[in-house]
Amino acid sequence: MLIIMKPNSTPQQIEAVVNTVKAHKLTPHITHGVETTIIAAVGEFHTPSTDPFEVLDGVESVKRISQPFKLGSRQVHPENSVFPIDGFNVGGNDIVVIAGPCAVESKSQILETAHAVREAGANALRGGVFKPRTSPYAFQGLGEEGLEYLAEAREQTGMPIVVEIMSQVQLDLMLKYVDVFQVGARNMQNFNLLRMLGETRKSVLLKRGLSATIEELLMSAEYILAGGNKQVILCERGIRTFETSTRNTTDINAIPVLKNLTHLPVILDPSHATGHADYVAPIARAGIAAGADGIIVEVHPDPAKAASDGKQSLKPEKFAEMVKQVKAIAEVMGRRIAPINKPVTAGW
Amino acid sequence: MLIIMKPNSTPQQIEAVVNTVKAHKLTPHITHGVETTIIAAVGEFHTPSTDPFEVLDGVESVKRISQPFKLGSRQVHPENSVFPIDGFNVGGNDIVVIAGPCAVESKSQILETAHAVREAGANALRGGVFKPRTSPYAFQGLGEEGLEYLAEAREQTGMPIVVEIMSQVQLDLMLKYVDVFQVGARNMQNFNLLRMLGETRKSVLLKRGLSATIEELLMSAEYILAGGNKQVILCERGIRTFETSTRNTTDINAIPVLKNLTHLPVILDPSHATGHADYVAPIARAGIAAGADGIIVEVHPDPAKAASDGKQSLKPEKFAEMVKQVKAIAEVMGRRIAPINKPVTAGW
Amino acid sequence: MLIIMKPNSTPQQIEAVVNTVKAHKLTPHITHGVETTIIAAVGEFHTPSTDPFEVLDGVESVKRISQPFKLGSRQVHPENSVFPIDGFNVGGNDIVVIAGPCAVESKSQILETAHAVREAGANALRGGVFKPRTSPYAFQGLGEEGLEYLAEAREQTGMPIVVEIMSQVQLDLMLKYVDVFQVGARNMQNFNLLRMLGETRKSVLLKRGLSATIEELLMSAEYILAGGNKQVILCERGIRTFETSTRNTTDINAIPVLKNLTHLPVILDPSHATGHADYVAPIARAGIAAGADGIIVEVHPDPAKAASDGKQSLKPEKFAEMVKQVKAIAEVMGRRIAPINKPVTAGW
Amino acid sequence: MLIIMKPNSTPQQIEAVVNTVKAHKLTPHITHGVETTIIAAVGEFHTPSTDPFEVLDGVESVKRISQPFKLGSRQVHPENSVFPIDGFNVGGNDIVVIAGPCAVESKSQILETAHAVREAGANALRGGVFKPRTSPYAFQGLGEEGLEYLAEAREQTGMPIVVEIMSQVQLDLMLKYVDVFQVGARNMQNFNLLRMLGETRKSVLLKRGLSATIEELLMSAEYILAGGNKQVILCERGIRTFETSTRNTTDINAIPVLKNLTHLPVILDPSHATGHADYVAPIARAGIAAGADGIIVEVHPDPAKAASDGKQSLKPEKFAEMVKQVKAIAEVMGRRIAPINKPVTAGW
């Protein structure tokens, strides 16, 4: 930590800073410049907070040197984290393609979609059963009934299932069904929920918040990792900016930045990141070309009748086209879409 | 709702839109323009979603006409909502001044602060007991012990207490203590929590999310109002923008915009909106001058020792100066700081 | 300047940094920490660029310590800059109220507006004669004819005139007429134009760009100050954010932040900062309450017929109401609206 | 245009709107809804402004139906615009790769770079000769001397040259040298400059402003197209958002959105869009995968000694690697990097 003093700071103020540095069990190194004095606080340091220094009299600003995240940092763990979801690995050379409807609406809808996306090349199935809607007057999800349908779809297609958890009270129920917990953008800083998921040993797909920085995303991952759960997948899903021609702005830079900062797998959600079915395929291709370890895509057999997010959902045939393109880009990158090691056990 | 067709849309596509309009029990009115056709969907309409229309073939865009929020709308309820917190009214001519530390740290800290802010002119006390921190390694709050200290501070000073609720599981405990539930920026779209608070009959101070639009804030209020709880106070607390010289950007425009759109009381949090103690007073004055019904301000007896948010906390003497300025601005606006109708029962 | 090395940087890399520091005639101070090494570059330094250090191998990041602006800095010049516009002073205790139409449209329009705003209490007149419009198909301004009308309005009302300059080729013409050059948001980083205005000895009202940081605004002022022209007025006029309920987001924080960082006068444009006539008065009041040295407001005798910006223009009677409110807030702040020392010489 | 009346608007107000519609030679179509009245204004309409309607009493809001840009619209001109730069075509199946230093610094620097990038596969050369710097204390460019060096580089390598124009006064000089005028982000709304370039018959590479919407970029292109110059190339170069881990946020969505809205060629600048040499190659690949018609990349023989933008400049060998990757992605997309039809006439 670097504490930069104001140009006219007094020796007493500098001394107070030095004492605070020592009180935090750090060693102060003082540099007297022409305009100002700088105090470097060196040593083991477990809290990233600059607050106790910023409030001292005579302090101009405080700058952190080390990254505030540790367990997720590539500096600490240089090799990629690779871990299995049911049937294949994430974070290595293989690419994960998660697909399915925004919400599970009926048994036939989810089974039809599951078979269609598996046939098109997907290797995991997504589907929401608790829906957080902006309006209190909209469809709110099927709950446990939806989980049962998803489990049946897994049974038939061999694909693991990815389901969003929205509250601590849903954990016990969901543990019985899901393979991967999804934490949505709105819950990225629901620290109680994150800490609870850190106690489980199931994979967590953690979505970046609408206006969260990349560093904040990594700090949220830290909550899960700190509990001993090392199976965290990060997901860029678009950020909020001034541009209104798309629902969100895909922060494609976040893909190589995250791959540089962390050893965790990083995937892209081109559906939420654009909000328009027409733009999903180009942005999915861009994500893989930029180095993403996978994609998560909304697919619905009849988007015009979808209970939610119809506008950004692909029809199965459009999804199949997209997978072909993604596959071709993956090959150029020296990668492949991970194959599922389980048979399809029922038709549709 | 207005459905605007693409320039080259076919009669079949227009008919499909008309049928969908009718299926939603709305009446279609068609206008054939030179470049395009517009279909107005007229009638009672309970869902704000434009999704079912946007996904139809041939549709260029869909524009909502009516506001998606109803219960909070000034069109529906033209008069200001005025309701009592323990001891005085909010939303009328009087101004509420809520003050206190970010976190309750000890009995002496909260009692000292409570007496100091009451003496300076505050009429309600704030203090967090569950702290959502960006880092898993930071102080996480005192829990019920903190609630007890707050209750004692209320007892001694006569000020109602405002405490943040962060999870559904905290409700029963908090109901025994708090006068006003605060919903923090990160939980503005925690719809399960909002719905639960709508079932209570305690006032709710709902903070705008870091990157939530004004319309989304009003939609979140709708969740609480829909449960029958009409005592919702909206709070602007700064939004995230590209500017980094302050912690957030105070959206001062939101004050008159909200006062125009809704009948609910609107207050400002200049502490989070700026992040610097030096800027709290000017922005508090600006908020009242712009028409806010109150302010909520962080005060700490010794900011340099605060467990959190020390940088933006005012010392009691600075807070007292600020209250004098706010009072003077309020008088120019024809308003006053609401007096508390309860005596101070213990000294500090 | 602080150069922070990567954790695994080599002695050779550190030496290369040290040599680069010396090559820039700075003195290196090295701190070896547990995780990393920090090199402070101390001394007189004329360029704010961190580039030559950031590109060196082994460098993690480079942090500037001193402010990149000098002439505008309050550290360098602690007292407020106060300077006369024709008839009164700016930057001292008095407040400037600049009013007038977006564009000069006709002789009668500008004379009528000038008399109305002077009567209401304005002390300077604004009006555009070259209009930069987003669309090539819109009204583009009256040019010199407009300048003549403005000069006549000054003659009749005694108010100095503020006119936007948009290009270097307009300088000679405008020098004959205007009292204050306005540089619009889109030209805030038109450095050739700024440098040219630095050569004149007329006041410059420099508007913040739509997405310019406060620091960038101060760097642009530096271009004018560096030419020897010390009469620079800074203007906050709203920034672009994700919020769409107003045209821009007033960065009210910028008022106290700028007053803290610089000795230059700071004013607010509530018309562009909101884009709605209904919100101009509350935001003008907020600006003065936050410490602004003045306001610039769009006024039009018949907004429905305005060639541009009608939506955000006040009718003269609404402007008169606003001035009364601003005056009352100014008094609370211990200030007053600057009086004009010249008589009205003709009626309207 | 759709004019939506307030719920309580009067018949007189509706009549005033109808009259204004007719005064603009449009035909009004009135729909009386349950809550409100809507007036559709139908007909040929040459101005995109909604202002004259928004200021009328009783009007809630006004919504444009048709796009405000015409000449650049794909609705008007469904086929891709394809046009030659010296030696090859832009906008068709072939991809343009423009490379070179931020600033021309010396004859040897630009010749060395030109030969290196041509050998690596670039087909056009960039280099700035007038540098707009944020600080008045930084390097400002070589001017005509730089143009002469660029011309010599073109002579030797056969590559056309792309140079930024910053002011109207530079036009005559630059016309003698450059093949493609670049308009920088800060000048995207310098309408006088755009109009002047519309009078020339040289290609214009128009960069999106830092905080310009996609629609505003297309409106700026309209200024050039309206002058009869149809050779406009649009360039996404990153937008300003809250994320600070990269210099800008690449709006990768803008690539497919622009390809959908306009027939003009669209390219990407991964250097400015990221600001870090390490992220240039992944984002260049992403751009081509998303459908861009080319890229423009900063290359410098010795980034550590670059007068500007060294941090984001690639060394020639890194650039050569990137071109190989871009070529492979282009092939997957069924495209190729355009070959130059001119010989190299001198070595380096």
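A, B, C and D label the chains in the order they appear, each numbered from 1.
Keep this in mind: contacts are C-beta pairs under 8 Å (C-beta built on N, C-alpha and C of every residue); 3 or more make two chains touch, one makes a residue touch a chain.
Predicted model only: the values in this text are computed from it and were never measured.
Colleague: Which neighbours do chain C and chain D have in common?
Modeller: Of all the chains present, those in contact with both chain C and chain D are A, B.
Colleague: Select the interface copy of C-D from among A-B, A-C or B-D: the correct pair shares over half of its contact pairs, counted by residue number.
Modeller: It is A-B that reproduces the contact pattern of C-D.
Colleague: Please indicate which chain is farthest from chain C, where distance is taken between mean Cα coordinates of the chains.
Modeller: A
Colleague: In angstrom, rounded to a whole number, how far apart do the mean CA points of chain A and chain C lie?
Modeller: Spacing between the chain centres: roughly 40 Å.
Colleague: Where the CA atoms of chain A average out and where those of chain B average out, how many Å apart are those spots?
Modeller: One centre to the other, that is 28 Å.
Colleague: Centroid of chain A to centroid of chain D, CA atoms only: how many Å?
Modeller: Result: the chain centres lie 32 Å from each other.
Colleague: Of all residues in chain A, which are in touch with two or more distinct other chains?
Modeller: Residue numbers touching two or more other chains: 211, 240-242, 244.
Colleague: Using the touch definition up top, name the residues of chain C that touch chain B in the complex.
Modeller: Spelled out, the residues of chain C in touch with chain B are 211, 213-215, 239, 241-246, 249-257, 260, 273-274, 278-279, 282-283, 285-291, 325, 328-329, 331-332.
Colleague: State the interface residues of chain B toward chain D in the complex, per the touch definition above.
Modeller: 2, 4, 7, 29, 31-36, 38, 40, 42-44, 63, 65-66, 75, 211, 240-242, 244
Colleague: Taking the touch rule as given, give the residues of chain A at its contact with chain B in the complex, in rising order.
Modeller: Interface residues on chain A, with respect to chain B: 46-49, 51-52, 54-56, 68, 132-138, 166-169, 186-187, 189-192, 195, 210-211, 216, 219, 222-223, 226, 240, 303-306, 308-311.
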